[in-house]
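I'd like to ask you about the structure that follows.
First chain written, first letter: the chains are A, B and C, and each begins at residue 1.
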Amino acid sequence: MELKNILEAVLFSAQKPMSPKELQELFALTAEQTEEEIARALKKTKQEAIATALEELAGEHERAARSYRLVCVAGSWQFVSQPEFAPWIRTLVGQKQRPTRLSQPALETLAIIAYRQPITRAEIEQIRGVAVDGVMQTLLERDLVEQSGKAEVVGRPSLYSTTPEFLEYFGLRSLEEMPAADELRRIQVQKPESLVTADPGLATAPPEALAEADINQLTAAPTAAVSERENKG
Amino acid sequence: MSEYKVKFEIFEGPLDLLLHLVKKEEVDIHQVNLTKIATQFIEYIDLMRVFDLDIAGEFLVMASTLMYIKSRELLPVEQQVVAEGEEEEEDPRWELIRRLVEYKKFKDAAAQLQERESAQEHIYPRLPGKPEFAADGPVPRAPVSVFDLVNAVNSILKRFTTQEARDVYEDKWTVGEKIESILTLIQTRPVLKFSELFVTATTRGEVIVTFLAMLELIRLRQMVIDQPEPFAEIEIRIAPPEMLAESATDAAAPIATENAENISPAATN
Amino acid sequence: MELKNILEAVLFSAQKPMSPKELQELFALTAEQTEEEIARALKKTKQEAIATALEELAGEHERAARSYRLVCVAGSWQFVSQPEFAPWIRTLVGQKQRPTRLSQPALETLAIIAYRQPITRAEIEQIRGVAVDGVMQTLLERDLVEQSGKAEVVGRPSLYSTTPEFLEYFGLRSLEEMPAADELRRIQVQKPESLVTADPGLATAPPEALAEADINQLTAAPTAAVSERENKG
């Protein structure tokens, strides 16, 4: 009997997602309550060992390609069904009690907070170009974002961050799992050396000049942009 | 005017409208003819006026930025006024395009979040039925609440209702003495029934003092209380060794801070 | 997608064993509720076909030798964990029997509801002197209290009462068995003129049920309870 098997059995029987920490506590508690050797041997299992075993286990289930998978959402692990079986499971368990879908402005605001957290309301408005009062209210009420501190600037405005509920709502394991995360993280926007003045009305420069003012320079870290260019060349 | 029909969708702000106009031009954001876009943007604002729609302030600010860019570009470079010390002035075109590019990235990210949102609606976590265990092995014991305790002591107090409750003779017992006698008792018999603590009591006062002694011992983590099963009589036992070890650290807490939370540390046993 | 996969997904999500007949009914019901072709195609699946597919599926899981199996008991099918994992699952189930202990504010709020039910949130807040939103949320989520109606006053606020789970949680046979709390029943709740529901401060339990114990015994230090009694005597 391996650690992996026991973890599988426990998550199979668990009524809620469990984190490596909770699983560790379960091992410790079980060791105290039983005479069984294996259980006692697992008393001091490390969280890292549990996390590794869970990853392996998830891989096994992925490869077995059954109708369910083992997934990690917001740091906790659980078995979930594959989406294509939703029609029958919906009939079985009834319509999910899921809150109404988020509006477009709410999603945009949430995306900005998710990638740029912690962030002030003013910074969000700067990016979206509109006021976000109502939308922020909704996001706060739904526990998708929270106040996470005060910015060290004049007026000490509130800083906002996403919550674990945000990860749960979107089925994300962690913030790192968000798409294109590195491109959208907080990075200095670099201005090209010189903005070539061209024909009137043309925004920046003719295509050949654009190679210099590449989109990478606009959003990614300068070094990344350079290596990217070198690879291409 | 027919092309304006499609334009009356709801834009989330001036940047959203600008992006829409750029997209219609089918060019890269960096190559877009801002003068042309500026004209279309202002036409849109005018149209909103015609239809008497509320125009948010942000749209007007953007319109004036665009007008500025447009006017600047219509002037030959040598005629543009550059105030002294303003050579390094931010090119308004650049600033606007930077903002557009940034906004577009977040709009795309929002679209991806939206996809995940709807995908999540089709994913169901497994919610197993509770496994049932045969009678082998210990069934978790029911923890006891303060309600149970007070209730229990009440029923014992009822035994004395026939006597004169508001008696005047002084109590022979102190809490400290009762603690000693309970400790002695529990050394010889590791498990006691709740009612057994009170069999020797002869007055209401003694019942109350005994009860307080018991609460104090639980608070000091010298004893734990639980029930073999719901509704069964409460049992009292010596605390397991790890709890006794802990007791040293917080035994100094005054009894006045005691609350219901601490009365049933037995819960998890 | 085969019948087998769908059966697996359904049984993996089911909270109780299911017979081929119940599964057949589920297929028929799902076919009615969806436009999806596969679901509609399965509308008239025969019980024999379901039984055969289940046997096959059980064989697959047997060979996969995981920590759980698909088994048939008394004609109904379910996934069960292998017996050797019992020590951990027992700990898991045991832990869950009782979620985290109630906080002091939750206990106090619960005591107020228990003795004064049905009661509005505003009345609870008046007795406790603080807002009880978070605490009420906890109590509702844990099924210890429930909405039991609307008060016949302006705004028709919700009335709250304790649930059968409340009795179970505290090991009480009935509300009459609660330790009496004269003090608690006596507290006057001041209501706005127009909001009179009943005689202010009138307790729900009959006076004869009021015995010796009082609110001090429920929430405050035992020594305080004694001195209170002494004062009375």
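Couple of notes before you dig in:
Definition applied: contacts are C-beta pairs under 8 Å (C-beta built on N, C-alpha and C of every residue); 3 or more make two chains touch, one makes a residue touch a chain.
A quick note: this is a predicted structure, and the numbers were derived from the prediction, not measured.
Relative to the C-alpha centre of subunit C, the farthest chain centre belongs to A.
With centres computed from Cα atoms alone, the innermost chain of the structure is B.
Annotation: 31 Å between the Cα-based centres of subunit A and subunit C.
Computed centre separation for the pair subunit A/subunit B is 18 angstrom, with centres defined by C-alpha atoms. Residue numbers of subunit A whose C-beta contacts span two or more other chains: 12-15, 33, 68, 79, 81-82, 84, 89-90, 93.
Along subunit B, residues 124, 126-128, 130-131 each make contact with two or more other chains.
Taken in their complex, subunit C has these residues touching subunit B: 12-16, 78-81, 86, 89-90, 93-94, 96-98, 101, 103-104, 107, 168-173, 177-180, 211-213, 217-224, 226, 229, 233.
Residues of subunit A touching subunit B in their complex: 12-15, 17, 33, 68, 78-84, 86, 89-90, 93, 96, 98, 101-102, 104-105, 107-108, 110-112, 114-115, 127-131, 169-172, 178-180, 183-184, 189, 191, 195, 197, 200-205, 207, 210, 213, 215, 218-219.
Across the interface of their complex, subunit C is touched by residues 1, 5-6, 8-10, 12-15, 26-27, 29-30, 33-34, 36, 39, 64, 66-68, 79, 81-82, 84-85, 87-93 of subunit A. Against subunit C, the residues of subunit B that register as touching in their complex are 124, 126-131, 133, 137, 140, 142-148, 150-151, 153-154, 157-158, 165-166, 208, 211-212, 215-216, 227, 230-231, 255-261, 264, 267.
Touching subunit A in their complex are the following residues of subunit B: 12-16, 28-36, 56, 58, 62, 73-74, 77, 91, 93-94, 97-99, 101-103, 105-114, 116-128, 130-131, 138.
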